[in-house]
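I have a structure I would like to understand better, so I am pasting it below and will then ask my questions one at a time.
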Amino acid sequence: MPKNFKANITENILLNEHFRLLNLSPLSDIIVPEPGQFYMLRTGDTYDPLLKRPFSIFRHEDNTLKFLYRIRGKGTLSLSNLKSGDIIDVIGPLGNSYSAPEGDFIAIAGGIGIASLLPLLRRFKKRAYLFYGARNKDELIMLNEARSLSKEIFITTDDGSEGEKGLITDSLSDFLNPSRITHYALPIYACGPTPMLKELSKVVAEYPSSLLPLNKGRMGGVKCYVSLEEHMACGVGACLGCVVKTVSGYKRVCKEGPVFDIEEIVWE
Amino acid sequence: MGIEKPEDRSQKSVTPPNPPLGKGGHGGGNLSVNIASLKLKNPVMTASGTFGYGEEYSEFFDLNRLGAVVVKGLSITPRQGNPTPRIVETPAGMLNAIGLQNIGVRAFIKEKLPFLRQFRTPVIVNFFGDRIDEYIQAAEELSNADGVHAIEMNISCPNKQAGWIVFGTDPKIMEQVVTAVRKTTNLPLIVKLSPNVTDIGLMAKVAENSGADAVSLINTITGMVVDVKRRRPVLANNTGGLSGPAVRPIAVRMVWEVYKAVKIPIIGMGGIMNASDALEFLIAGARAVAVGTANFVNPTATIEIIEGMERFLKEEGLSDINEIIGSLKIGS
Amino acid sequence: MGIEKPEDRSQKSVTPPNPPLGKGGHGGGNLSVNIASLKLKNPVMTASGTFGYGEEYSEFFDLNRLGAVVVKGLSITPRQGNPTPRIVETPAGMLNAIGLQNIGVRAFIKEKLPFLRQFRTPVIVNFFGDRIDEYIQAAEELSNADGVHAIEMNISCPNKQAGWIVFGTDPKIMEQVVTAVRKTTNLPLIVKLSPNVTDIGLMAKVAENSGADAVSLINTITGMVVDVKRRRPVLANNTGGLSGPAVRPIAVRMVWEVYKAVKIPIIGMGGIMNASDALEFLIAGARAVAVGTANFVNPTATIEIIEGMERFLKEEGLSDINEIIGSLKIGS
Amino acid sequence: MPKNFKANITENILLNEHFRLLNLSPLSDIIVPEPGQFYMLRTGDTYDPLLKRPFSIFRHEDNTLKFLYRIRGKGTLSLSNLKSGDIIDVIGPLGNSYSAPEGDFIAIAGGIGIASLLPLLRRFKKRAYLFYGARNKDELIMLNEARSLSKEIFITTDDGSEGEKGLITDSLSDFLNPSRITHYALPIYACGPTPMLKELSKVVAEYPSSLLPLNKGRMGGVKCYVSLEEHMACGVGACLGCVVKTVSGYKRVCKEGPVFDIEEIVWE
């Protein structure tokens, strides 16, 4: 089962102005993806755009691969123009995946980051405290499914059009308040824009390790995994284009990641 | 009329230092070519820096099928490379400023070469240095390693410079460094030329006169993309190297100029995406081709190019790929 | 921190030889820029050879809206140009080998200039020669013509050469020809640089020292496409000049290098398709831009670029386009 | 009414494996095209393919512009992927047109050359002796309409799968036989591949002028107009990319053509 294959587009559904759901039916046998893994998708037939684009697996069922994507630039625009019956080239599944949480856990999704986290929530139903933030109500895509899969959901929007107004990391800080001591022993899984993850690293680092039930000598003591984004060319570890600075040097987001222990990352 | 074929352009030596590397195409036609003493089962190799150390793409196809594997550029000491963003897409191309991140010659020999030795495909090691002695040292250690079949000197990387010296754009400095490396190795020595020069034929000639067994071209062309909102270059390194289909017409032209200037074999590259593109290079005078950016777009691009060449021979009723090398007819 | 701004980069003269040419944008922000003594109502001109003598595109929009019209390259005697095919499309670009077909300086002055004189837009005449005396003669006759506001020397055309001399790639020959032309004209003298060189900053410096009032870049990059079936170059001329979005990253990088090397204004071009592309060049240091291949794809590209610049000023809260010229921040 | 405009694709019909019919509904007022004129059509949204492609007007009715095209390479393939509702950029009508024949006339269509000639046949119904040649039966596109519009139709195919087997110019030679003296005073309009037109120039030149009722001193005496093809970049006369060699120097196919008097052309 080679990792590159052709797939038939069965649907490319417009969810709203910004988001689409792409359903692919692979034309050959594929490897079953794990939550957190991603695929490189070719977005058109010509050399402009040239490179494939990375997208997290959003769902795999009935031999269909589903991707939730946001139209951002040239590549995603080109992808959005493809229609049912078109064939595209795909590489995947790629990268590592979220490690399985032992009990309850915290999930933090910033915007389209929800696409990467929902497979985890689906696998471990009703075990996640989900923090879901977006610019506004319209951008809280797949909110119903997210809600139904979570143990508890905390919503924030930049403009307050749904949930709390403000930063997702602020509402996490509240939640991790030392008085609710059980919560901050929970592992955290996060996916979202880099500024959010950077902010998260501060929240995590701030927690006085002495307060933790089991201090494993970790910074702040909270176990936190983040899924990172970088510009990618190959997606398979060959070009060294997608590296991130870690405490042990540059690592490839597409190969050693996309999921990293937050402690490893050197934020710049 | 074709370009006149200089008399001794054919391989310098016919005795391969390594055992013969398997038969050419299955299509009937012969695909094997010689680069100096190196016998390749077909003319398709990978371009340095786009194929890692071979491991990643071995998940996608059998590396035995390649003409040669060319690995990511190595220096005597490891390099951590540039900060990110390191890549940005451009129309029909991409800029990269990896900054020559690599694990170093010694770690390569110890950790990566054993993997590559499993295959019946020659391994060509791309290397570079900031100073001449670094080039010499890298060449020496690589020449003593078991499983390195040829070395390719990168003197053209636009991302790293020793002070203001750019080895690959100044004929005198290039002569020095190539001559020095030539003395330290018996392996086939390939000099990889920079396209950022006025007269690439002249640079190839200098490489030839300094003892190169072959030249490869083109390396990337220096470019920049500006983020208009932030008034900054998109790449952390400011500039990067342009590769991909966008540069192909420039690369083909340069191969043709070099073919007219030198007698040693040419490895052509720059924007090769499919067999037809590869054939353009062969016709213009390349003895072999390297596939770079195309690997990113299509991990099995090299294999499809080999198969396409086999089909081409059959369709054109040719029995040997060497018949088309340098077959460009010019004038009317 | 931005690149240090050399002290007297601002215009040499502020007294235009021609009456002021109308106000800048309607968007409120000022779009007018000066190229030597030439005051342009906005920084957008047409690139030589892509806009004929202005007549064709006047069917599509009012030429008064342009910063300047740059006409097809002229020589003192008419040229019939190359056989066909003269053009071929490449990924995100095209090669052309028109071969400098033109009606000659005198026919231009008599037959085409009266049409252009109707507009309040400066006319910049691109010209070339096979020998230095042809350059001188063309410059002289153009300088005496009513309605020519500046002249642009094409010393970079890769399609035509005087024997083996390529004016634009050899600093010494370039110095001679620019110095000679400088003596014969009082019009603003723009030298159009070839990108087919190792060090474009050096070439720009030579142009500056030889008396150029401005430099424009890039001209096309020499390339070739091979017809694999016929084993021939697709173009009758074998090679041609690459233009279009494919070359943009190279052009932006070169403009930035030239900006660091000289104090005279720069006219940037190469693959500009829209306002954002044009702004990349201004930020990298161009005082004005020229739009070439984009005209073919979209006859009103220049106008859309001007409008896009107006919108950009508004969005960014800037009052003057000059604020962004050379505003590139490098490093971190 | 500027000559460049946007148009809505109302249909992009697959006629058979090779041919499509594209219907455009311009989004602004347009200039009415004449038979023989052409348009430059953008075939996609990205820079690959970059240049517009030239296509003869096939039909203009009910404010719809129709183009008949053959899928050849990258550009026409890209065009064939566009669908109803897509908007494309168009320039035209461009170039000159066929001069109006005074009475009966001869029309010679090689393959897709029929697209350019049908508007002439439609305007001067039942006045054309049409010679229509193609590789094979399948490539004789729009044959029924062509037949119904012609006074008489002569069909040739390379493989004999329809009509005569052989060259269209051979069957024209027969027709122009000196014994049928009225025929060779008729003006000829031709559109097709360059080798066919070159062959035609020989047929035309061969006719002994002494046999003609009215010898106007012309080579062979037969008035013959050909519509030429050249690679085009601008289509409007600005780039000098599309020239053809004539007895009075290079002329632009897009501006002085595409229709030329065959006598003018210097065949190479």
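All chains are identified by letter, namely A, B, C and D, in their written order; residue positions are counted from 1 within each chain.
Throughout what follows, a residue touches a chain if its C-beta (ideal position, glycine included) is under 8 Å from a C-beta of that chain, and two chains touch if they have at least 3 such contacts.
Just so it is clear, the structure is predicted and the values come from calculations on it, not from any experiment.
In terms of the stated touch criterion, the partners common to subunit B and subunit D are A, C, listed by label. Between the CA-based centres of subunit B and subunit C the separation comes to 35 Å, rounded to the whole angstrom. Between the Cα centres of subunit A and subunit D there is a gap of 56 Å. Across the assembly, subunit D contributes residues 47-49, 74 that each touch 2 or more other chains. The set of subunit B residues touching two or more other chains comprises 83, 91-93, 244-246. Taken pairwise by the contact criterion, the protein chains are fully connected, each one touching every other. Listing the residues of subunit A that touch subunit C in their complex gives 47-48. Those residues of subunit B that touch subunit D in the shared complex are 91-92, 245.
Those residues of subunit D whose C-beta lies close enough to touch subunit C in the complex are 2-4, 42, 47-52, 74-75, 89, 91, 230-245, 249-250, 255, 268. Note for the complex: subunit C touches subunit D at residues 49-52, 55-57, 59-61, 72, 80-81, 83-89, 91-94, 96, 98, 101, 244-246, 273, 293, 295-300. Touching subunit A in their complex are the following residues of subunit D: 44-49, 74, 77-78, 81, 83.
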